[in-house]
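One chain, subunit A, appears in both complexes that follow, with subunit B as partner in the first and subunit C in the second.
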Partner chain A sequence: MAQLAITAGGAGPAHRDGPSRADEAPVPQRKRRTPWKSWLLFLAFAGPNVALLVIFTYKPLLQSLQYSLLQWNIGSATARFVGLDNYTGWFTDPATANVVRVTVIFTVATVAGGMVLGLSLALLLNRKLRGTGLARTMVVAPYVLSGVAVGLLWLFVFDPNFGVLGAVLKGIGLGSPDWYNDPAWALPMIIVVYLWKNVGYVALIYLAALQAVPRDLVEAATLDGAGPFASFRNVVLPLLGPTTFFLSVTTLLSSLQSFDIIQAMTKGGPLQGTTTMMYQIYQEGFATGRAGYSSAIATVLFVVLLVITAVQMLFIQKKVHY
Partner chain B sequence: MSLDVKSNGTVKLEDLPPLHNSSPDRRTGPAAPPPRRGRPRVGGYLMLLLAVAVMLLPLVWMLLASFKQRDEIYTVPIQWLPESFALSNYVGALAAVPFGNFFINSLITTMVGATLKIALGLTTAYAVVFLEFPFKKFIFGLVVFALLVPQQIVIIPNYTLVSDLGWINTYQGLILPGLASAFGTFLFRQHFLTLPISILEAAALDGASHWTRLWRFVVPISAPTIAAVALVSIVSEWNEYLWPLLVVDKAEMMTLPVGLTLLQNNDGVTNWGVLMAGTVLITVPVLVAFFLLQRRIVTGLTSGAVTG
Partner chain C sequence: MNASPFATMNRRQLLQLAALVGGAGALAACGGPAVGEAGGAATDTATDWAAVTPAKEITWWSNHPGTSKDIESEIIKRFTAESGIKVNLVTAGANYDEVAQKFQAATGSSNIPDLVIASDVWWFRYMINGQILPLEQLAKHLEFGTEDFNTTLYNDYEFSGSHWAVPYARSTPLFYYSKAVWEKAGLPDRAPKTWTEFDEWAPKIQSAGGVTPLGLGKGTSWTAWWFCNMLWGAGGAYSKDWTMTLDTPEAIDAAKYLQTIIYDNKSAAVTSNDQVADFGAGLTGCTIASTGSLSGILGSAKFEVGTGFLPEGAAGPACPTGGTGLAIPAGKSPEQQLAAGMFLKFLTNAENTAYFSSNTGYMPVRTSALEGETMKAVYAKTPQFRTAVDQLAGTRVQDWGRVFVPNGDKDLTTALEKIMLQKGDPAEAFATASASITKSYEENVKPYL
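For the complex of A and B:
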């Protein structure tokens, strides 16, 4: 994510003299320290953070790889080395096709849906209308709420008998689907809730980018006879390219990792209808207790995340320099 | 009270007013809106209204339900307004689960976690920018690459480690595994590179140590950036769910999001009034804080995208 320098509106303040200045930073007026003293100082400043990362991120990452080769139940004292059995087991398990299907549908719907809705909202909020300030607040507010609380409050909205959504649907002559017990409807339910919670973030980032679009460019296009739609398509949309890439990376990563809403609303059910890979990692690791198997799925998911990120990075380097 | 994404989009943190300052409304920037054709505006207002309604309705529904008695909830057709704004559901929620404990636990883990995380981010970024070390680039790369390793992927080894240490149901078990600062370090480094070097040179001439330079000079002039990053960390720590769910099984040690689910009945019949009262108790403080501090929170959220 680091390399996504998105400074749509002119140079950002961050890159003024680049990192070269950092090297000169130890002030010359001071008498030069012996290097090891300065190294020790560096370690004292950066060491604790790096140590925490090694202990709680990098070491467990390697351990996870190791666990994925074991038949091992969580909390158990004994484990058996089984090679790649967990992986072949997962790839050949008939349930896996469903998990992958659910993951792909959920991810594509939340990422693509989030971008389209978020951009539309940003365009709306960027118009000179009264009340856009308050509307912006409302749109972003759910993003700061707990995913569990959001899931639970929406569960009551979706209640087929006593919920407000059912009443609205009945009002326009439709019946309420059985969101809780029908796998075909439970997945759209959690997608809607995820979008409601997270679309404000996408809208906010797009809004910042839209406000960085130079006004005279749009005006020039209008003078050239471009209608609002054409000037959006040909002038504004290309300028939003870097933002779109940034959002596609970040929303994809967070969508693939989402857990709170699923746990609060469906616990992966009904009939595994909302079990994503992330949810399966949790279920296998802590409900079923098959830690080795769960670690294998976690490894697969991590590789998927890495590949997606790498592809997007390459794509950015190729494409975004307009 | 507007979410004020600055109009040049680069969201210069320094330009924002200090915390709690009732700043003048900055929306007056690019001149008052010129009067436009009437038609699209009506459409625009309708869309705006629809967007706000969709965002607001579920929250209103939650709030109203928290005051309803059972017979007002389990009724067809639905009843919008409660007969009275009685607090019995709130009393019920507070009696059913130790909400006070949840609140204190959330407060402790959030405040301690966010404070330490910010401190770690600041010291690491300071080291990377202002101190010498042969493998500096590698160290910084190590920190930033951690952004790509989701905490969820490493839950099993971390759970095993924490439980071997006997840290289940403890604050250190809740806080430590997610404490390291990767994103904060990254943003602080970006910011430190823009600082005027003369201030630090003057401080060095006065004989100030690096420690003093960081806390007495760099931190004060970076206050807006720190506040923005801190608020975003506070929000995410407050809402953290998966890890606290795993390392706590005693009700007295649960945080709010984990404890809230205790009100959810798993036998199929949910007492919606009580559950919604609990949900109000955990969402409303965050909403109030968001309305008060939104300018800063928004800056924190967008700065990742804009500088990052």
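For the complex of A and C:
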């Protein structure tokens, strides 16, 4: 693209595109200074947004980094500098291994499960059948509900004594698992509820992507003898690559930051069986009041998210664009 | 794939980015705690209260314990009519923890209240953070009679020779039983006097009623509270002052007894969700719940409910107190504090204590209120309430390891849930909790005492 240039005199319109005339002496090009009015306009439009970002995103982020180096009881006007003690404390705490395990299981199950279920639902909803519109609405509806409301609702469903699920299981001769007292069942319960609430979002995005897949490519594959599965595997799925990449990033981030359903249903229990890193940040910061320690965990989670997202951007993104 | 935006950045853009980050850094340096300065409790500074004029308007943060918003509003109305001071009642959370979290987060800003709910597990943290005022001098100036408060309930808020809050909505755990199940089992119409007697009765309850004899609750702020009964009853304790004492044979025996009734005798079960709901639905024959749940249980149960003292252990009766008191924040002006003190005196006088208790089910915190006309009418209407009040005489102040150390209750709950839900080794579970609580005390409490 041609660069904007000004004549030696400084004023006048810039020459646009097209080769310079051979008989003209070459004019040294330099960038025109942005007029102050443009700067004011920029500030008027971008300033409020930048200010909000600085105040509500960057400031807390940096403050959290600062607090992670302090022993600070939340609410206290004073704190002690303890260096990296909060970090070493968290990495050497016997409870940390469990928190990391719960976080990994929850994240992998909700991201992978969400993608598979979401894509399956999108494939179903992409068919031209009667009632598809209603089905689409029903699939997406839970996503717009409040996480706390969803959690409270499912508390009743899973209740072993009074819940619908327990009654159904009893009806087929099975007993209800002790969802609330057994950590081995509590975590799957939370995963199921999270998936129920969020799978609609994945399905919605996949559905939009499926509708953008060129029909002629699928038809060409069919003419070449590809069956429905081969056509999906070799034509549709690769074309969904960018969507899959986008969803993998967004669902991973939201899964790692999940809080509302856990708070409403289990409060991290039983026996810390549903305490993810995100929930531990809340517990330590507000229930226990160790703001410095909580900030250290928040920083670790931030770094983990940053690394995972960077890896996704650097390595996976390359393979999905076409 | 697009190249990284940083790679194509020119000098000016780089400078702009640096300015943005630098500006955010400068902002980050604003606010937050003062690093390296001496902290700790507020001191009873020599305010000349006689020279202070009370503020015309104050704010009170409450969670309205026992759905008491209307009761609190009525008392405020009476106070305003008498003093001319307006009190803004703010719903600052659904429970004590939520109010505490908001209060902690608001400290240092101009948004703190003039009077705040201070529960048994929170007031001490407020105190060591320097967030609340010691009340002795203010009480003296206001001729605020504190000698009439129930001794245990008032002394719950004592540390370093000062009182940091006064009792308000106070409760104890109480033994509830189904009279219908008891009658079927041929048991006398009373709670078992001891845990040994409960063990004798349990098979009869099980066979006659077809129910789990005892339903136990779980979760933080609850499990380690009612377990005080078994622990103290066995002669053990969570801690002696700041030293954890969960390695004593008495403490281990208490935990083993808990496992025996759950796993061997099957005379007790830990609730899935809410032991009060289970009891109300007739799934269990008896349960331990707060006195604050009395009205709710009496209202929801479809059978006649009996109440009794918590069963005694080998070392005798044992019952902790709980609930909340009220504290005055230290960071307010003397005018606001004086007005808050005047309201506190009014709110907890004998008449209003009786009014509050009779409408909520919480303990009357003043001894003079116990036998007043208002409470006598309550006892006549709801005899079960009398049991709760009588049990108050045998209560004792809670162990510091649970209520004063930031993660004390959480660590003890984890240990007890391991013992109750997974039949974990009591010695091992208690050792883990003790180590964590001791570490937390050394890091989060000791430097501020």
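Convention: the second predicted complex is superposed on the first by the 284 of 322 C-alpha atoms of A that agree within 3 Å, B and C clash if a C-alpha of one lies under 4 Å from a C-alpha of the other, contacts with A are read in each partner's own complex, and residues count from 1 in each chain.
The rule is simple: a contact is a pair of C-beta atoms (placed from the backbone, for glycine too) under 8 Å apart; a residue touches a chain by one contact, two chains touch by 3 or more.
Just so you know, these numbers come straight off a predicted model, no measurement behind them.
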Report task. Please work out whether A:286 is in contact with subunit B alone, subunit C alone, both, or neither, and reply first, second, both or neither. Result -> both
Report task. Answer with first, second, both or neither: which of subunit B and subunit C does A:305 touch in the superposed model? Result -> first
Query raised in the report: Taking the superposition as given, does A:50 touch the first partner, subunit B, the second, subunit C, both, or neither?
Result: both
Requested in this report: Using the superposition on chain A described above, determine whether A:223 touches subunit B (first), subunit C (second), both, or neither.
Outcome: neither
Query raised in the report: Just subunit B (first), just subunit C (second), both, or neither: which does A:162 touch?
Result: both
Requested in this report: Using the superposition on chain A described above, determine whether A:269 touches subunit B (first), subunit C (second), both, or neither.
Outcome: second
Requested in this report: Report for A:94: first if it touches subunit B alone, second if subunit C alone, otherwise both or neither.
Outcome: second
Query - Which of subunit B and subunit C A:172 touches, first, second, both or neither - result: neither
**Report entry** Comparing the two partners subunit B and subunit C, which touches a greater set of residues in subunit A
**Finding:** B
Requested in this report: Could you tell me which stretches of subunit A are touched by subunit B in one complex and by subunit C in the other?
Outcome: 50, 55, 58-59, 61, 63, 67, 74-75, 155, 159, 161-162, 286
Report summary line: subunit A residues touching subunit B in their complex are 1-2, 4-10, 12-19, 21-22, 25-27, 29-30, 35, 38-39, 41-43, 45-46, 48-50, 52-53, 55-61, 63-64, 67, 74-75, 121, 124-125, 127-129, 131-150, 152-157, 159, 161-164, 166-167, 170, 196, 200-201, 204-205, 207-213, 215, 243, 246-247, 250, 253, 257, 259-260, 263-264, 278, 281-282, 285-286, 291, 294-295, 298-299, 301-302, 305-306, 309
Query raised in the report: Which positions of subunit C touch subunit A when the two form their complex?
Result: 1, 20-21, 23-25, 27-29, 31-39, 97, 101, 103-105, 107-108, 125-126, 128-131, 218-220, 270, 272-273, 277-278, 281, 283, 406-407, 410, 414, 417-418, 421-422, 432, 440, 443-444, 447-448
Query raised in the report: What does subunit A use to touch subunit C in their complex?
Result: 50, 54-55, 58-59, 61-63, 65-67, 70-81, 94, 155, 159-162, 178-182, 267, 269-272, 283, 286-290, 317-318, 321
Report summary line: Within the complex, subunit A is touched by subunit B residues 1-12, 14, 27, 30, 33-34, 36, 41, 44-45, 47-48, 51-52, 54-59, 61-62, 65, 73-78, 120-121, 123-124, 126-134, 136, 139, 142-144, 146-161, 163, 176-182, 185-186, 190-191, 193-194, 197, 200-201, 204-205, 210, 214, 235, 238-239, 241-242, 245-246, 256-258, 260-261, 264, 270, 272, 275-276, 279, 282-283, 286-287, 290-291, 294, 297-298, 301-302, 304-308
